[in-house]
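Take a look at these structures.
What follows is chain A paired twice: with chain B in the first complex and chain C in the second.
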Partner chain A sequence: MAENLLEVNNLKKYFPVKAGIFKRTVAHVKAVDDISFAVEEGETLGLVGESGCGKSTTGRTILRLLEATAGEVLFEGKNVMELDKKEMRAIRRDMQIIFQDPYASLNPRMTVADIVGEPLDIHNLAKNKKERNEKVKEILENVGLGAEYMNRYPHEFSGGQRQRIGVARALAVDPKLIIADEPVSALDVSVQAQVVNLLQDLQKEYGLTYLFIAHDLSVVKHISDRVAVMYLGKLVELTDKKELFRNPMHPYTQSLLSAIPEADPKKKKDRIILEGDVPSPVDPPSGCRFHPRCPKAFEPCPVKEPEFKEYGDGHFAACHLLDQ
Partner chain B sequence: MSKEALVEVKNLKTYFYTEEGVVKAVDGVDYEIYPGETLGIVGESGCGKSVTSLSIMRLVESPPGRIEAGEINFKGTDLTKLSEKEMRKIRGNDISMIFQEPMTSLNPVYTVGDQIIEAITLHKGVKRKEARRQAIEMLQKVGIPLPEQRVDEYPHQLSGGMRQRVMIAMALSCDPQLLIADEPTTALDVTIQAQILELMNSLKESYGMAIMMITHDLGVIAEVSDRVAVMYAGKVVEYTDVDTLFDDPKHPYTWGLMNSIPKLDKDVDRLEAIPGSVPSPLNFPEGCKFNTRCPLAKGKCYDVEPPLEDTDGGHMVRCWRYEHLEEIKKRGERIYEDRGVQK
Partner chain C sequence: MEWKEILTRLIKNKLSLFGLIIILFFVLVAVFAPYLAPPRSPEDAYEIPRAGWQVEPQPPREGYLFGTAQGSYDIFYGMVWGTRTAFRIGVIVVGLSSLFGIIIGTLSAYYGGIIDEFFMRITDVFMSIPFLVAAMVLTTILGKGLDNVMIALVTFGWMGTARLMRSQVLEIKNEEFVQASIALGASDTRIIFKHIIANCIFPVLIQAFMRMGSMVITASALSFLGVGAPEGYADWGQMITFARDWILGGQGSALKYWYTVVIPGTAIMLFSLSWNLIGDAFRDILDPKLN
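Right, the complex of A and B next:
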């Protein structure tokens, strides 16, 4: 078994809700509430869930773009949460992020050469301007953009090309881990496939490890080795992707899988249609957070929170039904 | 189909006159919608799928937009020739529309009840009290819990899925014959999307109305449509019934779309990605508009635009070389091979 490159232990991120003239904290949004998982070197872990489940917050907290409320994040065995500013900057060379919105995540006043070159400057990876330009050119070619684009500005590119620039920026410092936060969901269907293929090629080429955050289960299934499912700040299931799609254990995963409309008109699926909406993370339901919408909820569910534990060969889930 | 079409769109052209030039958003589109069926319109951003629906509703802002040519026959009346006053009687009454983002289509300063009641009193000419009763009934039909209470709430008090239900209630309150749904589930989570699609399917059956479903999601298309028009760069490139389309896509673009999305029940190592991106509508290529991305394009494709031709019993395709694609499909080969990382 490969080494764990990233280990997340009991991670929590609460956002205070302030109210009144003294801006007192009246409640907390429990965006990420005690989750643990590990990512092995060279693998792709998919993190899926619906909007507001805390998947993006998880990604950002791991990189310390947001400060965690509690818990630890071990990167190559080092606790990232305890590093000072200087050490943090150094470790960011190894952990990069790609954002969802290729329009908002690139500075419109910078040329492509500067966007991709900036991380090289920050980490002093180029001795002089010439070397920097050489490197930028090479990275751009690796993501399928020619050197002729170097002096252009982001607005001159299509959505798919911008996402390639975002990928190039992350790659510039030769990282080990890339957190991809919904990298294809803002793109047109035909262009999504280009970026997914690119990410897979780069993984092979550079031996990258991905934490791939998305709401689209079919894309996650395609790209991931293992998949973690999140619901309201908690992990509900985590396993090998084939196992997850063949044998989903948690009722939420089951209904999520059955809800995806499939591009095959002959397949009329037996839907498990969930009632109601995702509850607010400010005041999450007691016990199992999924119990108000769960078609299989029984006595212990509203009272006791199920433990996230292993049910055979790396298949983790949190559900009282499994202990029956 | 021998039934009479409810809507017949003929050679519709809607252009926008901008400072940079003429944007031919819809450039010669034909399709029919029959009573009680769902016509799916699928395409990527900028293909003109939303503009065709806005043209039917006559909601294209003018200037800069203008319906340049063509007919939109709704039960024998050409909607392009109606005055704004006559059109207002049809909008919301015979034809209703729901949009992608329900928050921007609901007025935030009125309760949802007020907004549905307004539509009912306006089109049905009933008293307010009766309209309120009908509004509550509609909210119940679209599956909103506690409708007597919800009717007096404001849009911000409802979740995204609930707001879309309110929009559907409003759209259906006057028994339209055609409901135009423009990406109605795109802003929603998949579990909520499943709820809304199921609701639309069941309402379609109980009301016997026709639906025009506009979406970029082939999964949604497969789920709800009877027939499908695939649009690319302002034109319909393939048009047939839903089973035929998914069984035997004949246009290279349709083929590419279907193979570029990962399937849940099939594992592939690499997706077939269509190279490049949609050309700018200010600068469409000569000949077939897909020729900049099409791996089969050759000779004639670069000079002459192909017509939308009936290839076999109503399966319409706009391609010079669809027979060539047939051969490739028979051999089980892929047509899109991207170069990937260049090294």
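Right, the complex of A and C next:
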């Protein structure tokens, strides 16, 4: 079994909700509420869940773009949360992020050469401007963009091309881990596969490890080795991808799976339609957070929180049904 | 959008083209002042020569193209060299106060917390005092003179920029490209200059153009109120001040001394209007909704 490159232990991120003239904290958005998982070196861990369940917050807290409320993040065994400013800057070379929005994630006033060259400048990875531009050219070629684009501005590109520029920027520091926060969900369906394939090729070439965030299982099905399912700030299931699709244990995972369109039309599937909306993370439901919408909820569900634990060979889940 | 494109569009717009031409005209006047109105000695070029000791203004005539003002001061000379003064006041006052505003607004928004609290309180205090009154009081304390006028105008002129900059930076700082730069390990200086300021400087620039125009009027008003440049100093405000007692004309002719008012008045108005026209056009160009 491969080593864990990243370990997340009991991570919490609460955003204060302020109100009144004195801006007192009146409540908390429990965006990420005590989650633990690990990402093995060289694998792709998919992180899936509905909009607003805390996926981006998880990613950003790991990278300390947001400060965690509690918990620890171990990168190669080092607790990232305890690093000082200088150490943090150094470790950022090893963990990068690709953002969801290919428009907002590129500075509109910088040329492609400057955007992709920025990481090289920050970490002094090129001796002079010429060497830097050579490197930028090389990286751009690796993501499928020609050198002729170097002096253009982001607005001259399509969404797919912009996302490639974002990938190039992340690659420039030669990272070990890349957190891809819904990197294709803003793109046209026709372009999505291209970018996913690119990410897969790059993973092989550079031996990258991915934490791949997505809001449904269809993209993740293609790229992940293991999948973690998130609901309202909590992990509800985590296992090998094949195992998840074959044997989903958590009712929420089952409903997500039933929503994926089946390729083979003869195989009929009963779609589980969840009732109601996702509750607010400010005041999440008691007991199992999924109970108001769970088709299988029973007595203990509203009162007791199910424990996230292992049910055989790396298959984790949190549901009272499994203890019956 | 790049500078070249902005300039092309400024020229294509009739109003801003007019503004640009007027400003260019004033720039030329300022640059060629020594040729247009040769000073008697280079050291005191800003001292307006007098045609004599006559108190009453005299109309335009040979050698005195715009006539002479109260005290026989040469209006043409005062206007030509006053152009330099107008630019000096505008550029220095707007430049310095914008710089302070940008620094304070950026630090407040970027670091937030106590720093923000502190700077914004100070801004509120400065804003609560009416600008003209505050500038007048400070100039009176510091003493008459153009430098003191400029100090007063800078002291009470940075708050608008600070607030504008703060709101801009607050917006930009959460953009994903800024987060990306933090994730790359960029230093605060790099993030502030390359990503934040580069993306919120245009509204501040527009505001600065508008203020260039109004600053000349304010400085003239201070002169008019008697706390501006010393008597005889080439300054448009001074020229208007000379007209103070003659505005109503005299001896049955209300328009008798028109040149004392109309000439400096037109210059101040055109100067101010031009900056505003450019600022307006700038805003239209940069407003994504209008593109």
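What we mean here is this: the second predicted complex is superposed on the first by the 316 of 324 C-alpha atoms of A that agree within 3 Å, B and C clash if a C-alpha of one lies under 4 Å from a C-alpha of the other, contacts with A are read in each partner's own complex, and residues count from 1 in each chain.
Everything that follows uses one rule, which is that a contact is a pair of C-beta atoms (placed from the backbone, for glycine too) under 8 Å apart; a residue touches a chain by one contact, two chains touch by 3 or more.
None of the values given here were measured: they were computed from a predicted structure.
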Chain B versus chain C as contact partner of A:Ile122, first or second or both or neither: second
Which of chain B and chain C A:Ile273 touches, first, second, both or neither: first
Contacts of A:Asn247 with chain B and chain C, given as first, second, both or neither: neither
Contacts of A:Asn151 with chain B and chain C, given as first, second, both or neither: neither
Chain B versus chain C as contact partner of A:Pro108, first or second or both or neither: second
First (chain B), second (chain C), both or neither touched by A:Arg89: second
Chain B versus chain C as contact partner of A:Arg169, first or second or both or neither: second
Chain A: partner with more touched residues, chain B or chain C: B
Chain B and chain C contact sites that coincide on chain A, given as residue numbers: none
Contact set on chain B toward chain A in their complex: 44-45, 159-162, 189-195, 197-198, 216-223, 225, 242-243, 246, 256-258, 260-265, 267-268, 270-275, 277-278, 293, 338-343
Of all residues in chain A, those that touch chain B in their complex: 50-51, 141-144, 158-161, 188-194, 196-198, 200-202, 205, 215, 217-219, 221-222, 245, 255-267, 271, 273-274, 277-278
Interface residues, chain A side, partner chain C - complex: 60, 63, 65, 88-90, 92-93, 96-97, 99-101, 104-110, 118-119, 122-123, 153, 166, 169, 173
Of all residues in chain C, those that touch chain A in their complex: 2, 175-177, 179-187, 190, 194-195, 198-199
